[in-house]
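Have a look at the structure that comes next, please.
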Amino acid sequence: MTEIPKEEMLLKCPSTCAGCGSLLALRYILKAAGKDTVLVIPACCNSVIQGVYPYMLHTVPVYNIAFAAAAACASGMSEALRAKGEKTNVIVYAGDGGTADIGIQALSGALERGEDFLYICYDNEAYGNTGMQRSGATPLGAITTTTPNGKTVNKKDLDRIVEAHNLPYQATACSSYPADIYNKVKKALSIPGPKFIHILAPCPPGWRIPSEKTVEIGKMAVKSGIWVLWEKEYDKFTVSAPSRAAMKRPVPVGEYLKAQGRFRKVDEKTAAVIQANVDKNLKKIALEAAQSEETE
Amino acid sequence: MYEIRIHSRGGQGGVTAARMMASAAVKDGKFATACPFYGAERRGAPIVSFVRIDDAPVRIYSQINKPEMIVILDPTVMDTVNVLDGLKEGGSIFINTHDDVDFPAGFKVYKADLTGIALREKLVVAGSPIVNTPVIGALAKLGLFTRESGVKAITETFADPRNTAAAKAAFEEVIV
Amino acid sequence: MSRMPKMTISVPHEGGAGLTGSWRTFRPVVDRETCNHCGICAMFCPDAVIDPDTLEIDLVYCKGCGICSNECPKKCIKMVREEH
Amino acid sequence: MSELIMSTGNKAVAAAVKMAKPLVVAAYPITPQTEIIESIADYVEAGDLKARYIPVESEHSAMTACIGASITGVRVFTATSSHGLLYMHEMLHWAAGARLPIVMGQVNRTLAPGWNIWAEHTDALSQRDTGWLQVYVSTVQEAYDATLMAFRIAEDNRVLLPVMINMDGFLLSHIMQPFEMTEPGDFIPPLDLPHKIDVNDPKGYGAMSPANVHYQFRFDMEKSMRASRTVINETEAEFAKRFGRSYAPVEEYFCDDADVIIVAMGTLGKEAEVAADLLRKEGIKAGVMRIRWLRPFPLDMNIKGKDLVVIDRDCSFGFGGVVAGEIQARYPDAKIASVIAGLGGQEVTYEDMAEFVRSRKMGTEFWFGIPQEEQ
Amino acid sequence: MSELIMSTGNKAVAAAVKMAKPLVVAAYPITPQTEIIESIADYVEAGDLKARYIPVESEHSAMTACIGASITGVRVFTATSSHGLLYMHEMLHWAAGARLPIVMGQVNRTLAPGWNIWAEHTDALSQRDTGWLQVYVSTVQEAYDATLMAFRIAEDNRVLLPVMINMDGFLLSHIMQPFEMTEPGDFIPPLDLPHKIDVNDPKGYGAMSPANVHYQFRFDMEKSMRASRTVINETEAEFAKRFGRSYAPVEEYFCDDADVIIVAMGTLGKEAEVAADLLRKEGIKAGVMRIRWLRPFPLDMNIKGKDLVVIDRDCSFGFGGVVAGEIQARYPDAKIASVIAGLGGQEVTYEDMAEFVRSRKMGTEFWFGIPQEEQ
Amino acid sequence: MTEIPKEEMLLKCPSTCAGCGSLLALRYILKAAGKDTVLVIPACCNSVIQGVYPYMLHTVPVYNIAFAAAAACASGMSEALRAKGEKTNVIVYAGDGGTADIGIQALSGALERGEDFLYICYDNEAYGNTGMQRSGATPLGAITTTTPNGKTVNKKDLDRIVEAHNLPYQATACSSYPADIYNKVKKALSIPGPKFIHILAPCPPGWRIPSEKTVEIGKMAVKSGIWVLWEKEYDKFTVSAPSRAAMKRPVPVGEYLKAQGRFRKVDEKTAAVIQANVDKNLKKIALEAAQSEETE
Amino acid sequence: MSRMPKMTISVPHEGGAGLTGSWRTFRPVVDRETCNHCGICAMFCPDAVIDPDTLEIDLVYCKGCGICSNECPKKCIKMVREEH
Amino acid sequence: MYEIRIHSRGGQGGVTAARMMASAAVKDGKFATACPFYGAERRGAPIVSFVRIDDAPVRIYSQINKPEMIVILDPTVMDTVNVLDGLKEGGSIFINTHDDVDFPAGFKVYKADLTGIALREKLVVAGSPIVNTPVIGALAKLGLFTRESGVKAITETFADPRNTAAAKAAFEEVIV
C-alpha cells in the first residue's frame, strides 16, 4: 500500500453527496492511472459532480458523453489515439445504469471488437443521479423510487455477462478496499485490449444509510459474500484476499440487509432467497477458483 | 402580488415549506404558486425556493429577483449566499435563529428559533431537526395566511401531530 | 485561424463545484492525543480532504460525512454539530 | 368546483394518467420528468392504477414497448424528456407510422453537450416531422386537462396518431400550483383499435411496402393530421361543456385590438400575458398568442395587420427559430420580429418580453442576451 | 481531364474518402448505403487507406465512436441511411454541440413501417435542427466532389460543425455514371482541431453548463453556421479554380428569364432540367433551382416575381413539405405551388414534373398520385 | 417425430434464398407454436422474405419492428396480452445481428425484467439481409464484405451472455435437426418467463456454400463440435442427443471450414486456434453437463 | 367509426412473395422406383413444397435448392437443369 | 438518347452487363448511365437494369418505360415478366437463346446463344454459365458501342481472358 502515490488527481471537491463510495473509488483509480489518461463519463452522478462550467475538479481530461454511449466513445478515442501512436489510457467511469442497462450494447460491442480500453463500472445499484430509480443492477428486495415495495427480480449479473466476452482482464472491487482497487487498475492498464472492473460503491441516499457508514457497509457486503472480490487475467481466476478470508466464514447476509433502509420491506422469505443466492454463488466461485488453480 | 424567497439547504425541506405556504394561501381563497429553483445540487448545498401569492392566478414563472419577503430557514447559508439580494425596501425578513442577527436598516426583521422548537417537540428525522413545519406557524403569525389554513396545509402533508404542535409554538414565539 | 468555438470546456480549478464544507452539519474533530497516525481516516475520506502527512482536515471542503470518524480504529475522531 | 390541490406539473400529468387508466406504462427516468413515472410506479404498486409498469432499460425500448403493447389494442402511456426523447427518435417515427395512439408526457429540456437540465423546446421541436401531435401547456391545470384530452384525441379513429404533451422543464414540471383534479367519467371512450392484433385473423404489420403504395400510407397520416384539427376542436369543446375549462389550439390574450402580439409556447406564452398588461399600461396595445398545438400546425391565427414578436425557445441552426419560421411559412403576410430566447434555461422575464416588444425590429432575428455587435 | 471511371454514387463517395485520408472510420451497414462502407473496409484491408475501420454494433455507436475519435483531433468519416440515421439522432445533436467536424455520407431512404428501401428525404430533413450542415447531391461526380469539399468545410475553424452529404437511395447511390476521380492534392489542409484532447493540458468537455451561459454556446453554433456560408462559397470557388468544376449552394438552370421555376433537391432537381427543356419547347419559360445546401439555408435565391413549383420528397405531418415551408419562411413574397412527390420511392419522371408546372395552382399543396377529391 | 403436425404454418413460399436454413427452422418453430402465436421480427432476412404488401406467407400475426427493438416490442406485447388475460405466445424471430449486436440491449433488459416471451435467434453468422457484413456472431476467420481478409476476433458468445441472465429455459439448436427444434420450442413455450433458443442456420450466400449443402453443413457443425446442441431448464443442463453422439468423437473442425468458401483465407495457424477453441468449449460443456447431472 | 388507417397491413396469401419456382436453375426429379417414402426430403425442404403424404414436389414454388436431393438417403432425387 | 432495358435474374450479372455497356459507350466519347432497379430480390428472382446512352450528360433518373432496346439475358424470365412492355415501335430485342423465339411483329430481333458460348469457353462460375461478358460482344455487333470499347470495358472488369474470348464469339455469332 505504501506504493500508492500521495498525490491526489482530483482537486477539492467534487460535489458528490457526503460519503459517496463512487468518489472514494475514483480517487484510487486516478492514482493508479496517472496523468496520461482520459476519462470518459456517460450521464451519471459522476457527470454532474465533476464541477460546473467553466471549472472541473479532475486533473486529467474528462470527456462527457451521452448515457448509452460510453464504451463506443472510448472505442473511437482509443482507436484514434492508437492510430496516432499514442498509448494514453482510455478509462470509462460509468454507473451501473449506464453499464448494465442503457449502455450494455455499446459495451458488448466494444468488448467483442477487442478495443483497447479500461471500462470501470461503479455500482451504486440504482440510478443515483436521477434520484434512485431501479436499475438492472438493483438487488432483489431493494426499495427504489420505481420499486416502492422492493424490486421483485434479481440483480442483473453484469460480471458474467462481461465474462462471456472473454476479455484479457476482468475484476470486481469495492470502494471500501482502496488498495485492492489501486492494484487492479494498475494491473488492468498493463494489459492490452479490453479490461473491465466492476466496483461496488455504496451510496448513502440510495441505500438509505448514514453517510459515515459507506465504508463499513461495503465491507459488510464483502464479508457476507453478497459481493465477492476477484480478478481474472486471461483464464486465471483468483479470489482476492478480503473475499478469500470472508468466504471461509461469511457473515449472514441478513445483517447486511438490516443495516440498510432500502431493504426494509424485505420479508423473511425474500431474505432466505437472497441468502440462498449468495450461498450458491459462493459455491460457484469457490469451484471456479479451484478449477483455475488446477489448470495452472 | 406578494413574492417570497426561501433560503435553505438541500434536504432541509425548503421546497415542502414553500408548497405548504402556497397551499395555505390557496385555502384562504388566494392564488399562489411555489417553485423550487433546481440546480444539480446535492444534500447540504444551499438552495432557494419561491412563493408567490396574489388575488389573481399567478402567471409568472421566472425567478423572483425583487422579493417582498425573505425566509431564511438555515442561517448558515448566509456565509456563502447574499440572502438579501433584491429584497424590496421595507421588505420583511424572517430568520430561524435563537441569536440576534444584524441586518441593514430599512427591513422588518422577524425571528423564531425553529430549530429549538423542533428539538423541543422532538421533531427530528435522521438526526436533523425539521424546520419546515414550524415555519408555517411563524409565517401565519406574520399574516401571510390564516392560522387555520396553515394548519390544514401542514396536516395534509404530515400526519404526525408534532408538526402542528411545533407550528403552534412558532406562532407563539414570533413577535410581530 | 485556430478559433476556439465557444462551448462547455472546463479547466481544473479547486472549488469548481463550490465550497463543499458549507454542506456540513457535523464537523470531524480529531483527538490528537489518541491518534496514532495510522492514516486510515485519510485513506477512506472520499473527498481527500485529510492531508496524508499532517492528517489536517480541510474544513473548507470537508462535507462532514463522518467516515473518518467511523473508520478510525482508535475512535479518536468525534463528529460535532456545527454551530454557526 | 371541487377542491384545489397543490401539485407540480409532473404530478398533475401522473394524476391524469391514473384517471385515463392505461393498461401498460413503459418508461425510463430522466430529469426533470422522473416524478411523472415515479408517481405512476407508486400508483401501480399501491394498486391505485391497474396497469403494468414496464421499467425498461432505455427510452428506445420504452417507446418500443409502448408500440408492442399498443398494437394489442390496449391504452398505453410513457413519459420522457430531452435526451430520452432523442434516443426514442427512431421509434417516434415508428409509432406514428404504425398508427398507434400512444400518449406521452414530455418535459422540455435542453440538449447536451454540456449537460443542462433546464427548459428549452429544441428537444420536442426536432421531433416535429415524426407524425406526432404536439401540444404545449402552460399551467398545472392545463397539463392535467391536456393529458386527459390527449387520450381521447389520439384514440379517435379519425386520428390514430400519437400525442405528445409538452411542458417546460422545472418551470412547469416542478412548480406547484393549485389545480382541480376533475374526474373524467366517460369523457375518454374505451379504445377500439381497428388494426389491433388478432390471432384469429392473422395479419402482417409493416412488411416491405412497395414504392407504388407507400406514399399513400404517408398521405393517410397527413389526412389524419388534418382531421385531427376537427377532433381537437370537438374534444376541447366537449371538455369545456363538461368541465367548464375551455382551450383552443392557440390561446389568445387581448389580441382583438392589439397592434403587436407576442407569440410563444409553454410558460413563456403564459408569462407573456403579464408583459402585455405592462405594455398596455404604457400605452402599447399588446396581446399574446400562445400556440398550444404545434402539430397539427394552427392554420387560423388571426394576425392580419399586426406585428408579431415570436419568441422561439429553440433554434434550427443555419435556419433560425422554428416557430417563427413556420408561422411565416403559413402566413406569408405576417410581419414578424423573431426572438430566440430562453435556450438552455436562460432566464426570460415578462419584463424582458415587454422589452422585446418595445425594441422590436420587424423582419429581423434577435438572440436575447447576445451583444448587438455579435448578432 | 483524367480518364472517366464508371462508378456508383456510393463508390464515388468511398473514393473521395480514400483521398481525404481520415484516420478513423466507424460505420454500420444499411441498404442502400452499405456499398460505401464495404468499399472503405476493402481499402483499409488492402492497405490503400491507412485508417482504422471500427465495425461498430449500431449506428448510435457509429456516431459516438466518430465523436470519440474526432475529439482526439483526427479526421473521421461515417456513412448511414434512413433508420440508421434516426438511430443516431441523439448523437447527431451531440456531434454538432461538441463542435466536431465529422463528415458523413448519408443515403436518403424512406422510413418504416412498412419497410421501404427507396429514396425519400424525410430521414435527413428530420435531422435539420441538429446543427449539421447538409448538402444534397445529384450526380456521381457531385457526390465525389462534395465529399472532398465537405472535409475542408467542416474542418475550417470558422465552421467546426459536422457535414452530411445526402444522396438519393438507389437513384444515385446505385446508378453508374462516368466520373473523374480528381486527386485533391493539398486541397484539404491538415486538420487542426483547436479543442482537441491533450493530456498535458487537461480540460473537461461537456460538463454541467449553467443557464446563464449555455445559450451563448448555442449562439456560437448559429454564428458558425452563418460563417459557413462564406466558407462554402470560398471552398466551392477554390475547387472550381483548381479542378474546373463549379458548384453553388443553389444550382440554377435557365432561371434568369424564367416565369416558373421548379425547386427540388437531389436527383429530382437534376431530372427537373429535362422537364424545363420540355416545357420551354412548349413555350413555357421554365427554369430549375436545385437546392444543394439546405443547412445553412440559402438566403440569396433569386426568385422575385417568379412562380415556384417546390417539390418536396418529404413531409412534416400536420405541416406540409419542409422545403416549400422553409422557402416561404425566408422569402415571404415567394409565390409557391407545393408538391409532395416521390415519397417511399414513388416514381417521379421529368414528364410528371413538367405536368406539375403546367397544372400548378399557386398557394396550394398537391400530393402527387393522390386523387384530386382526397387532396 | 411422428407427433410433429403435418400442417404447415407458412404458405408457399417465403422469398428466402434457395436452401435457407432460417426458413427451415422457422417451419418447425411455427409447427410447435401453433396458431395462438404472434411473431415479432426485427429488420433481418426474415423481415424481407415474408412477402410484399398486401400479402404475407405467415398464418400467424407478424409484427415487424425496428432493428434494435425486437425484445422490447415483445416485452410490451407480452405485458399487454397478459394484462388482458391472454396467453398467446409471443415469439421473437431475429437474426444474429439483431440479437447479438444492435438488439442486445433490449434483449438483456427484457431478460432481466423476466418478461414472458420466447426469443429465437437464427444465427447465419453475418448480416444476411444487407449482403453479408460481419456481425458480432461472425466466427473467427470468416470472410464477409466488411472483413474481406477474414474476421480477426472471435465470435461473440451469445449463449453465455444470455445464460448470465439466469432464465428459466435456454437452448441451442440447428436447422439441420428439425425435430430437436420442434421439441425445444414446445418445451420452451410450456414454461413461463423469458426463454431463449439460439439456432445455427446455415446460409448459402453468406457461407459461400452450394444451396443443397445447408443441411449437411449444419450437421457438420454439430459433428465437429463447433456448434453444440444443448438445453438448460432452470439449472438442469443437458447436452442434446446429436451432440452427445458427436462429442464422443468429434470430426476435425478443419473439414467444416474447408467445406465453406467464407473460410478460404483461414491459414493453418488460425485453423489451429479455431480447433483449440472448439476443444476447450467441448471440455467446458462436458464438465457442465457432468456437474448438472451430479446435482440432480 | 372504426376507420382502418391505410398502412402496411398484409394478409396471408399463397404466392405473396412471387412464384419462387421461377428462380430455379435445377429441378428435382424423383425416381419413384427407388424412393422408399422415408419422407426425409419433405422434412428438410426449407420451403415445404414437398407434400408429406404423396411426396409430390410443387414446382410452382420449388426453388431448386437441391437439399432434398442431397439429403435423400437413397439418392433417388436428381437435380436436372431447367430447359425453357 | 438511346434507352435499353435488360432483363435477367438476381445473380446472373445483369447489373454488371449494364455497367459494361455504359462504360463502353463512354469510352466511345458518349455519355451513359447504367442503373439497376433494386427491389428486395434474392438470387434467382427476375430483375431489370437500365442503360441510357446519349451525346450529352444523362440527367434522367427515373425508370425507362419506353426503351429503344430490350436485352433478355435469361429467356426464362419471359414466363413471368412481360419483357416487351413499353418497347418502342421499331425497337430492338436482343435475346440470349439457341431456340427460335417468336416476338410480335414490328421489332428487330437479334439473338445469340450466350449460354452455349459461355459453356464452350468454360466461362462457368459456381455451376452457372456467365452471360454478361458475351453479351457485350453481341451488343457491340449491334453497334451500341465500338468493339474496342466493349473489350476495354470487359478487361477493366474481368482479368480472365475467357471473358473477351466469349465476347468475341458472341460478336461473331450475332447476325445483324
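The chains carry the letters A, B, C, D, E, F, G and H, assigned in the order they are written, with residues numbered from 1 in each.
Simple rule for what comes next: a contact is a pair of C-beta atoms (placed from the backbone, for glycine too) under 8 Å apart; a residue touches a chain by one contact, two chains touch by 3 or more.
Just so you know, these numbers come straight off a predicted model, no measurement behind them.
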Intersection of the contact lists for chain C and chain D: A, B, E
Mutual neighbours - chains that touch chain C and chain F alike: A, D, E
Which of A-D and B-C has more C-beta contact pairs: A-D
Cα-centroid distance, chain A relative to chain C, in whole angstrom: 23
Where chain B and chain F are represented by their mean Cα positions, the distance between them in whole Å: 63
Distance from the mean Cα position of chain F to that of chain E, given in whole angstrom: 39
Junction residues of chain F, two or more chains touched: 15-18, 47-53, 56, 58-59, 62, 64, 66, 68, 101-102, 104-105, 108-109, 112-113, 136, 210
Of all residues in chain B, the ones touching two or more other chains: 40, 42-45, 127
Touching two or more other chains - residue numbers and ranges from chain G: 7-12, 18, 20, 23-24, 63
In the complex with chain A, residue positions of chain D that touch it: 28-31, 34, 37-38, 41-42, 45-46, 53, 55, 57-58, 83, 87, 112-115
For the chain D and chain F complex, residues of the former touching the latter: 23-24, 26, 51-52, 54-58, 60-62, 64-74, 76, 90-91, 94, 197-199, 202-210, 213
Touching residues (chain side chain C, partner chain D) in the complex: 7-8
Residue ranges of chain D touching chain B (in the complex, touch as defined): 4, 6, 32, 117, 139, 168, 170-172, 174-178, 267-268, 270-271, 273-274, 347-350
Contacting residues of chain D [partner chain C, same complex]: 113-115
